[in-house]
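Labels run A, B, C and D following the written order; every chain starts at residue 1.
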Amino acid sequence: MVPTQYYLILSAILFGLGAVAFVFKRNIISIFMSIELMLNAVNLAFVAFSQASGKLDGQVFVLFVIVVAAAEAAVGLGIIILTARNRRSLNVERVDLLKL
Amino acid sequence: MPTQPILEYLWIIPLLPLLGAAINGLFGAKWSNTIVNTVALSSTGLSFLCALEAAREFVTDYYPQHHDAFHKAFFDWIVAGNFRAGFDLQMDQLTVVMVLVVTGVGFLIHIYSTGYMAHEGGYYRFFSYLNLFMFFMLILVLAANYVVLFVGWEGVGLASYLLIGFYFLRKSASDAGKKAFIVNRIGDFGFMLGMFLLFRTFHTLDFHDLFNQIAAQNWKPEHMWEFGTMTVAGLLLFMGACGKSAQLPLYVWLPDAMEGPTPVSALIHAATMVTAGVYVVARSHIFFERSETALVVVGTIGCATAFFAATIGLVQTDIKRVLAYSTVSQLGYMFLACGVGAFSAGIFHLMTHAFFKALLFLAAGSVIHAMGGEQDMRHMGGLSKKIKYTFATMFIATLAIAGIPPLAAFFSKDSILLQAFQREGGWHPLYFVGLLTALLTAFYMFRLIFLTFWGQPRYDEHHVHVHESPWNMLGPLVVLAVLSVIGGWVAAPALWGGKDYFSEFLAPVFGSGEAAAAVDEAAAHNLEWKLAIVAVITAVLGIAVAYWFYVRQPKKPEDLAKSMQPVYKTLLNKYYVDELYAAAIVGPLVWLSENVLWKVVDVEAIDGTVNGIAHGATGIGDTVRHAQSGNTRSYAVWVVIGALAIILILFWPALHALVAPAQAAVTR
Amino acid sequence: MSSVTSFLTQAGGFWVLTIIKIALLLFIVLTVNAYLTWFERKVVALMQSRIGPHRVGPHGLLQPAADGLKFLFKEDAMPAGVDKFLYLLAPFLALTLALASMAVIPFGPDPLPFKFFGHQIDLWITNPQIGLLVLFSITALGVYGVALAGWASNSKYPLLGGLRSSAQMVSYELSMTMSVVGVLLMANSFSLTKIISDQDSSAHGFFSWNFIPQIVGFFCFFISAIAETNRVPFDLPEAESELVAGFHTEYSSFKFAMFFIAEYTSMITVSALCSILFFGGWNSPFPGGSVWQFTHYLPSLILIPFGLWVIYDGIKYETIWGRLVLPGLGTAIAAMGAALIVFPTVNEYVQGPFWLLGKMLFFLFFYVWARGTLPRFRYDQLMNIGWKLLLPVSIANVVITAAVIVFRGMK
Amino acid sequence: MTAPLLIFFLLAAVAVIGALSLILQKHPIHSALSLIVVMVALAGLYLLMGAEFVAAVQIIVYGGAIMVLFVFVIMLLNAGEEEHTDFSKIAKFAGLPLALALTGLLAAAMVRHGGSVANATNPDSLADTSKISMLLFSTFVYPFELTSFLILVAIMGALVLAQREKS
């Protein structure tokens, strides 16, 4: 058997990498994807805990996370398409009208 | 099918008028008067029938079996901690009397109104309000605990406010409405305090439990708890009663309430609502019986009010105002009765008063109707020929109120005075003032009659053409006239050594209350005769004086007024009480709220704080807003920093220990 | 232990066996693929009253081999400005996934009568608890092959083809999955073998198959499966008349062949799936029992006459080559049939695979049939059918099935 | 080193490499592909843990639907290589170190506290899909219904966003 801790560490690393991508990328879509990466890392942790505790709740939560991610993708990508249409750019740093 | 159908479903009685009110209020605007009539009359009429049936069931079936009040909890209304206020209704002899009076007189007045209000605007509105009033009044009298009673109490206040201000386009009317409402608030304040005190002491507001608890404390006259809970509670409740029943010093609203349509004055401000105070005192008699102080206060105030109002009534010229002051004075009588512990007598007078005073108002309304809206008696006179029926009925009522046997008020007043006289311990002043008031009453009532119906017409005959009212107005007058004749006979046998059926009927409620007044039969009997004769003599005297003044030498009153200018003025201006209140209470309040509450507290403190906070927020915002660069990546970094902080706090033991208590607080 | 870990803990012999199985299956599938093209061309030709391929080998039986060689030796051109990695990745992805899906399909009920170093030999590579889900996940990933191919070739038509296909596959995946749920509810499991054994026909024959209660589900599934495999009438990603050749316009020679093979493989998979989910897999349509015993000789009853016919046809074939080969082939086939009669044990053993293959063949024929007859949909029609017809119907089917199951209290 | 452990490290390596390439790839579609790789690797890990259903759903929904959507959008917008701008100073200087610090801290926290997690009692129970569904429809039924509502809202939102405003 693989110790649960390994999974947890892996999920931590993946989450961190997701965070790095989150601050590092400029392309809206890539940023979005990095968020998905973080979600996946969290899912991994969930499943690991569920396996460790022998309960299924963790997996159920993974399902919920996936559903939410799907909804988020649908809406988020819609927004992205609109932004791209209006701003003619996918670079988040060029989409900075939302300020004082 | 329960054995006592209506009794089991007691709520049907108040519900019917509510339905009527709802229907008329919601849809009546579109409907013709006929439909509105049908709804209003059928609802009240039905509830009257139900009340009759319920009374029958209670008296014939229920009471003989259980020897206790019928009490039914319909649903829990408020349940908080150990406080429970259920929507409970109860039925006992007292309730029977009240319910029958309310529904019966109310029904008659509804009929009358269909004629009186026929040409008024807002017809449906009027009947909707009237039904609403019936609903609340029935709740009030049927209530089985103080909370529900208070609901009815406030409800009738609301209805009366609405109806006084019925002609809300007239400023005086709306002012009168507000006045009534506010003055009542003062009384209600006391009433609520009373309820709180009772709940705090006995942990229940349910009549049944409450009274049983008190009765359980085996109480003997010698250790009457002076200044005890009983006194305070009784006086607080009585304060509420003063507000509702227009006793000193809170009577000022009632005369102004005459701004409302006459049927309203008849129903609310003569027959039913204003007697609610008396009802409450009677209902809570158990406190007063246990507190001499409370009794003294009630008696004195009642007596004072009776006399005071009567004196004002002497000189009023507005026909309805005269009746208003007479109402106040009669209410004073009832409280006098309660004050001397003659609760059943008080209720008796309440009933008879409901009959003849309603009759008086309705007749007055009929007169006003005939005069085309004229209310000033100085512009009337000689109407007796033109409106016979009105005259006849009103004359009967006047005889009744004057206390001429064998009419209703004779018996009720008589028993009040009798018991005032019989009560030991320096209560005689009350008796004598009462007697004097009877004299005055007879005088000013007949002054009214003479001014209105006798002598030469003092109005321009071509302009005003007097006409008798339609039958749907006269009908109720006749019925009420009959009632005010025979209404008192239930107590009549007392004079011939028989027994007073009315007080006997109410005995289960008031129980030992009258026992105090029970002295040996024979003495009591011939004393009763003596007092009765005295009372009749005073009444006749009053009538004679009035006749002499207003029929023989119509000039005399003016001369008298001139010769006793100050007294006359004082009376005419009602002892300047309104002005006094305005100066003593209203003025300072206005000044306080304007100069302190508004200019200091509101502007400086509250607004200052709020604006200060707002300014602070703006200032902070101005400095912090630069963080909002609009650049998503910067935001991302901020998010990361936040996450870092959280992790540090969660997993760094030192920091965690630092926030642990807060966490615990949150989780708890 | 979860199935994966149980695999991992198997002894080495198991792995050898599995690898052998995989190799065998690959070989079979590829051959079948090859001859499927031949089959298709022949059938369509007959439908259009042509002769079809008959130059290479008798009745053009060697045509597939010729095509394969042609693919191998053609120049492998790569357009300028393509994204190399993806351009190469796409066909591999498509083919690998298509082939991988074969791994979970069970071909027969009982293992071979002999053992391989003490490991029993099942007629499937693996039979996971969630076989169906595995299939679906593989199909789901299958989109990328097409989409990436379209994107990577850096050209308009392929891009459009890729877009279309990704949209189309995503939309039809929904209704496909939904339409199967009814079956899952009835079998109460994802395992294909469980689903098959659930519709065991030994009692009532084919009345116990799923396609009777799940007829709606079946049609939804089959239609969306056709769309999922980009076949006529849903072959918009490669619509010749509109987009040259769609997503594989820029692909030549063997990379093109990969897409080709992938498509046909997925056809086979879908046919297998149809027959497994709705037509009782390897169950014979006839009830068990002595009365229907004779049906067990159906394989022979088909093989022997066919073989004889092939011999007869071969003798009067125009080319010498044909006159030599075809009779031999015929004799082989007839001999096979005879052998089945001679060895009843083998015959019994063959029943399962026979029926399954027969059903698959029928569905494959159906594919070809559809291609031969139906016109292509317009794109909006395609989307409307997917979203406004199939999806609601299949969902309704699920609801009704669930209701019935709950109502009858069966678990 | 047992076989599961071996597989774990293999998949973990794949996942991490995929994540790294998600960061390093200039072109969004490559990032998308690397993300898909990560997801598939994670699915493998789920299988390894015996969570078969979740693994399948991970591939079907994440790999087969969500990421397809991403790829689709990338293709639709024909997104090119991302330009390398650095308008956000804080992100330029503080961003990377902070994120790395986050990674390190998380890992450290897991190393310190993750060990306390007890190991599986009976892992094969996790393989049971029907148990999950029971849980989903008994304990978590309200969240479940809520998610359906969420999806409905998302659909409407997507429609509203995606339709071209009629002029």
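What we mean here is this: a contact is a pair of C-beta atoms (placed from the backbone, for glycine too) under 8 Å apart; a residue touches a chain by one contact, two chains touch by 3 or more.
None of the values given here were measured: they were computed from a predicted structure.
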Minus chain B, the contact groups are one piece
Measure off the straight-line distance from the CA centroid of chain A to the CA centroid of chain B, and report it in whole Å. 71
Mean-CA-position distance for chain D and chain A (Å): 6
How many angstrom lie between the CA centroids of chain B and chain C, rounded to a whole number? 92
Interchain centroid distance [CA atoms averaged], chain B/chain D, Å: 74
Please list all residues of chain C that touch 2 or more other chains. none
If a residue has to touch 2 or more other chains to count, which residues of chain B qualify? 629, 631, 633, 636-637, 640, 643
Flagged in chain D as touching 2+ other chains are 4, 48-51, 53, 57, 65, 69, 74, 76, 87-88, 91, 95, 98-99, 102, 106, 109, 123, 126
Full set of chain pairs in contact is A-B, A-D, B-D, C-D
Which residues of chain A touch chain B in the complex? 19, 22-23, 26, 31, 92-93, 95-100
In their shared complex, chain C is touched by residues of chain D numbered 2-4, 7, 27, 29-30, 33, 36, 40, 43, 47-53, 56-57, 59-60, 63-65, 68-69, 71-72, 74-76, 78, 123-124, 126-127, 129-130
Residue positions on chain B within touch of chain A in the complex are 625, 628-633, 636-637, 639-640, 643
Of all residues in chain D, which touch chain B in the complex? 87-88, 90-91, 94-95, 98-99, 101-102, 105-106, 108-109, 112-113
Residue set of chain D touching chain A in the complex reads 4-5, 8, 12, 15-16, 19-20, 22-23, 28, 31-32, 35, 38-39, 42, 45-46, 48-51, 53-54, 57-58, 61-62, 65-66, 69-70, 73-74, 76-77, 79, 82-88, 91, 95-96, 98-100, 102-104, 106-107, 109-111, 114-115, 117-123, 125-126, 131-132, 135-136, 139-140, 143, 147, 150-151, 153-155, 157-158, 160-162
